[in-house]
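Okay, got some structures for you below.
Below are two complexes that have chain A in common, paired first with chain B and then with chain C.
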Partner chain A sequence: MSADPREAYASGTALPDVVTGAAAPGAGAPLQQANLWRDAWRRYLQNKGAVIAGGIFVAFVLFCVIWPIVSPYDITNDPLNFSEAYETPSLQHPLGTDKLGKDMLTKLALGGRISIAIGVGATLMILLIGVVYGSIAGFAGGVLDNIQMRLLDALYGLPYLPFAIIVLAIIGENNIWTMVIALSIASWFTAARIVRGQIITLKENDYIRAAKAVGARWYRILTRHLLPNTLGVLIIAIFLELPGVILGEAFLSFIGLGISPPDASLGSMAQEGREVYRVHPYVIAIPSIAIAMLVLCANFIADGMRDALDPRTRETKEH
Partner chain B sequence: MALLEVDNLHTQFFTRQGVVKAVDGISFTVEAGKTLGIVGESGCGKSVTALSLMGLIPKPPARIVEGSVMFQGRDLTKLSERELEDVRGKEMAMIFQDPMTSLNPTLRIKTQITEVLDRHYGYSKDEAVKKAIELLEEVQIPRAAERLNDYPHRFSGGMRQRVMIAIALACNPKLLLADEPTTALDVTVQAEILDLLEELRREHDMGMIMITHDMGVIAETADEVAVMYAGQFVEQTETQELFDHPEHPYTEALLEALPQLEGEGIRHGRLRSIAGRPPDLILPPPGCRFAPRCPHASLGDGCAEQLPDLKPIRQGHLVRSRHPASQREAAVTA
Partner chain C sequence: MTAFIIRRLLWTIPVLLLVILLTFVLMRQIEGNPFRRTSRAVSPAVQQNLERKFNLDEPWYVQYALYVKGVFTFDLGPSLVTRDRTVNDIIKEHFPKSLELGLLAFVWAIALGIPMGVVAALRQNTAYDYTLMFISNVGYAVPSFLVATLLIYYVSLKAGLLPTNGWEGWKYKILPSFALGLLPMAYFARLVRGSMLETLQQDYVRTAKAKGLRRRRIVMVHVLRNSLIPAVTAMAPLLGFIITGTFVIEIIFSIPGIGRYFVTAISSRDYSVVMGITVLTSVIIILANLVVDILYGILDPRTRDART
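Up next, the complex of A and B:
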């Protein structure tokens, strides 16, 4: 099959298929449905960077999920073994060991688990708050929209990480849940604006008026007709928010405000490495590389997703 | 009592530039099972009239400032939004101009048809799907049961308009508002859709308001016609009477702008167009709104100063002009 459909038409190879396919509906194999998601997937596959990034991302997630289960080492329950502390990479310990003699590879998987869990959790939280806030503002319009948006403008001025630190200090506890709350509470503003903008554009559509003309109530119009149409930008937003949140978590853990031992995230692993980076640089290098990789991959995926789901904006590379 | 009685309806848009008098005092009735055609050029207030009846005008900036819309004994302008929602789609339905954009691209046809049935009748899923298939068959969409699972982009313009009609008819409305239902379609498809609408209107014994700028569509579908110009009706009568004896200079001009293919008195040469442009609806001319473009208006006859009333010139034939065609001829012979 030729890559360019016009060539195929010109050479006449594709034409008979199209004609018979259309002329004999029901007979033989059913016509392939043109499908939004299939189209998007096809466009996504054309972006090599995004495909590679997606592969690495999925591989890392699978590694984090599976490796601690099959690993010969049990980080939390194995006895401390100081004689094996700070071993350089070897066959037994492919990434070496930390100051307590624990296997770094296993620890990386566990840290990755927590970092990704916090990243995904906070991103979903951001979207939840953003969608609710933004869709109410966009749908209601008028005074309510104005009040909500001015409030958002004021919140926008708050610096992201200091705000998260204050929230953590107020809660006074450091675990996955408090991290999710702290990170999402300080960064849902962009998502809310995106959703509001989408809703405002979409609600001018003829099919919204048509839905009103058959007596559909406002919540039905919002949930059935408007929100599904924002799904594309929401998916892009997920992967745009993810790197920021992962970085934020790493930063907070690095300065000692995040996940505390015995749990470890990529950020707290980097912090442990910081103490000995002159002597044992690989201890800080490993989690740092993992963080950088996750963030880069998420950005590449977001890029690919945007091209795939919203082809009209392909040329514009803002954000 | 008539199905729909609109009395002195005024809809205005309150904009920064001023108040746009989009609909400026129109009155009409629609009997059950009859079709009223509203014809006029772009921007004369046809669509705003329909949206006002449905209570779908964008508020703000628009508002119905005066007049009443009596539908089955209730004044729709006095109903709450909540009560209007119960009327819309159930007793009064609307078909829009552009079928390409009037269906939600992210929902299956099935969802969009059953939505109405669920909303007004509370049908169960199975009942609703069964009814949806019947509806699609009624609007002559082949393989209805299969096509129900398709998304709108799989349908052509004409097919989509059929789907829109199916949605409009789902709850057996008493009144159907068709806002330029064929304007966005090919001529051949137009004829099919008009035939279908006419057939369904007869079967369901609906009243219909056919809004169009196409005199041909009026001739084919309407029992009565109102010619609209700059937010007002300028002529209102039965269809046959309008085509046989147009009285208002604007109606005459509209008919002369039509290409004629056959029949007596066929004209040759260029089609006539109406000189000038429709007036600004923020500051309409103080007198007759058509005066600046009217070939019969002259200085000193009062056309430019005083707005003529819409008054009967014959039994059942209203016209708003100082120079109706029949009186002009009389003046010439006298």
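Up next, the complex of A and C:
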């Protein structure tokens, strides 16, 4: 298995069973009960890159949520002020102003809110579709599984952008919800593979056989024993899917097919900046760097979580 | 091996039909038939003729069958907006530019990404490794429109070295293909590093070392070859990234490629063009998956049974 979770994820390789994987470190301390999540948290904290990335990520989310409330500027209701357009950073405007003389810092927080909302929404949608499709394939097995998987093999890598654009044209309205639908419609293939792989690995465990032996029905095995144990994988998957969705939203907005004004995401801010990049390059740079930062942090968090929830890959990495 | 290839080939046909059906059904949901604009008074006879010309008077499954027939005979029908042109004409004019852009991006990605990964793996946990992996992490995260804009700003406007936009000579092709190739480059670098490190742990590498082979030979013959297999499989998904990227890059650099045309076709409601381009990109991806699967089967015989 590849050492990099992104490649393993993209190729649809399931992670080894998190439960048995995490039980190993507890073996040295027989008196203390091993707790998967506590151990994972401890291991996560040992990974400096992931801790820093997590800190920046949380800080940026908090900034986006809180800053527009406490900011002295009100982007939607303040009067336009063209005499203050495209000001360079100053004490009043730490990131300068845009073409209407609005404070870029406050705008960045508002744009971040929308980008993160769409990103999280679409990621959850992707995982939901993935869990349903993947658990049907993994649990049913046989012909159904075969058909479902061959289909995924063939669709693997299908570019989401044309389909997202068509879906937006069908709905004819560009708000947060339609963006979520457009971005998840052709992006759930990998998530489905992961869930299916995980379910199949878990199905082989003795406790599933034991549950069957004592007469548990299939839905109880699925909901009580299988799905809860895919949680670790799904948490990692959130941070592996998030970058793609955030970038996808930015691309759509950048080519002018994103969320409708007056709402603006980070991508639509970048699009505004493109009109004036020859004179004021920072206007496109600020939202783009914010996007890059979110994506980079999400990647590092995913790395850290993978190491934390699956210690076996960590060992091979350190050789 | 032949059975594997035949099975894989046969399986591609229903998938193609399904993807065309999916696109077809999606396209029919879009409101606003270009021929039913209220502002343009059209006599019922003309309307009927138009519908007959574009087969709109047939039930949907007949239209679908006709469209599938068109796809397999390389005839994607007339454009709904540009009267005298067919979708084929438009694809013929714009697609080669996108293809060239995409291929050049792959050239950048392979030429820089694979050596980056090799160096990082051979010098694991050194400053080289950290610097290269930092570059690749950043390349993976920075949106291509920022890279493109910065390149235009610094290389074209400030330094005046290369043209800002257009698609005429080789000078015009350097910046867009580099901006597009950055993400696959970062991907290759990470992938090759990971798979090199894994291969370096293998017993046959230890055997080669024990035999006293020179390091250069071990790396070139035993490690590199086996480490590049994952890079081959990564080609198909990367193609998806590249196709997505061309939409943005072509708009920034004003390249008259198929991605830019797609965006204009959506706003002018030229649905036959939109559908033609979507089907074309999907077919390319499906065929790329097919080629990669077969190549993988040849390169690594262990996978033949696992995949149909």
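In this text, the second predicted complex is superposed on the first by the 279 of 319 C-alpha atoms of A that agree within 3 Å, B and C clash if a C-alpha of one lies under 4 Å from a C-alpha of the other, contacts with A are read in each partner's own complex, and residues count from 1 in each chain.
What we mean here is this: a residue touches a chain if its C-beta (ideal position, glycine included) is under 8 Å from a C-beta of that chain, and two chains touch if they have at least 3 such contacts.
Please read all numbers here as calculations on a predicted model, not as lab measurements.
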Task: Overlay on chain A: chain C relative to chain B, clash or fit - done: fit
Task: chain A: partner with more touched residues, chain B or chain C - done: C
TODO: State whether A:169 touches chain B only (first), chain C only (second), both chains, or neither.
DONE: second
TODO: State whether A:177 touches chain B only (first), chain C only (second), both chains, or neither.
DONE: neither
- [ ] Determine, under the contact definition given at the top, whether A:250 touches first (chain B), second (chain C), both, or neither.
- [x] second
TODO: Tell me which partner A:41 touches in the superposition: chain B (first), chain C (second), both or neither.
DONE: neither
TODO: Tell me which partner A:207 touches in the superposition: chain B (first), chain C (second), both or neither.
DONE: first
Task: Smallest separation in angstrom, by C-alpha atoms, between chain B and chain C in the superposition - done: 14
- [ ] Provide the residue numbers of chain A that touch chain B in the complex, in ascending order.
- [x] 25-26, 33-34, 205-207, 209-217, 220, 224-225, 228-229, 231
Task: Residues of chain C that touch chain A when the two form their complex - done: 11-12, 15, 18-19, 23, 26-27, 29-31, 137-138, 140-143, 145-146, 149-150, 152-153, 157, 190-191, 194-195, 197-198, 201, 230, 233-234, 236-241, 243-244, 247-248, 251-252, 262-263, 266, 274, 277-278, 281-282, 285-286, 288-289, 293, 307-308
Open item on the list: For a test of understanding, state which residues of chain A touch chain C in their complex under the given definition.
Closed with: 2-4, 6-7, 10-11, 146, 150-151, 153-163, 165-167, 169-170, 172, 243, 247-248, 250-251, 254-257, 270, 273-274, 277-278, 281, 284-285, 288-289, 291-293, 295-296, 299-300, 316, 319
Open item on the list: Considering only the defined contacts, which chain B positions touch chain A in the complex?
Closed with: 54, 56, 85-90, 93-94, 96, 98, 101-107, 111, 115-116, 119-120, 143, 146, 150, 153-154, 164, 167-168, 170
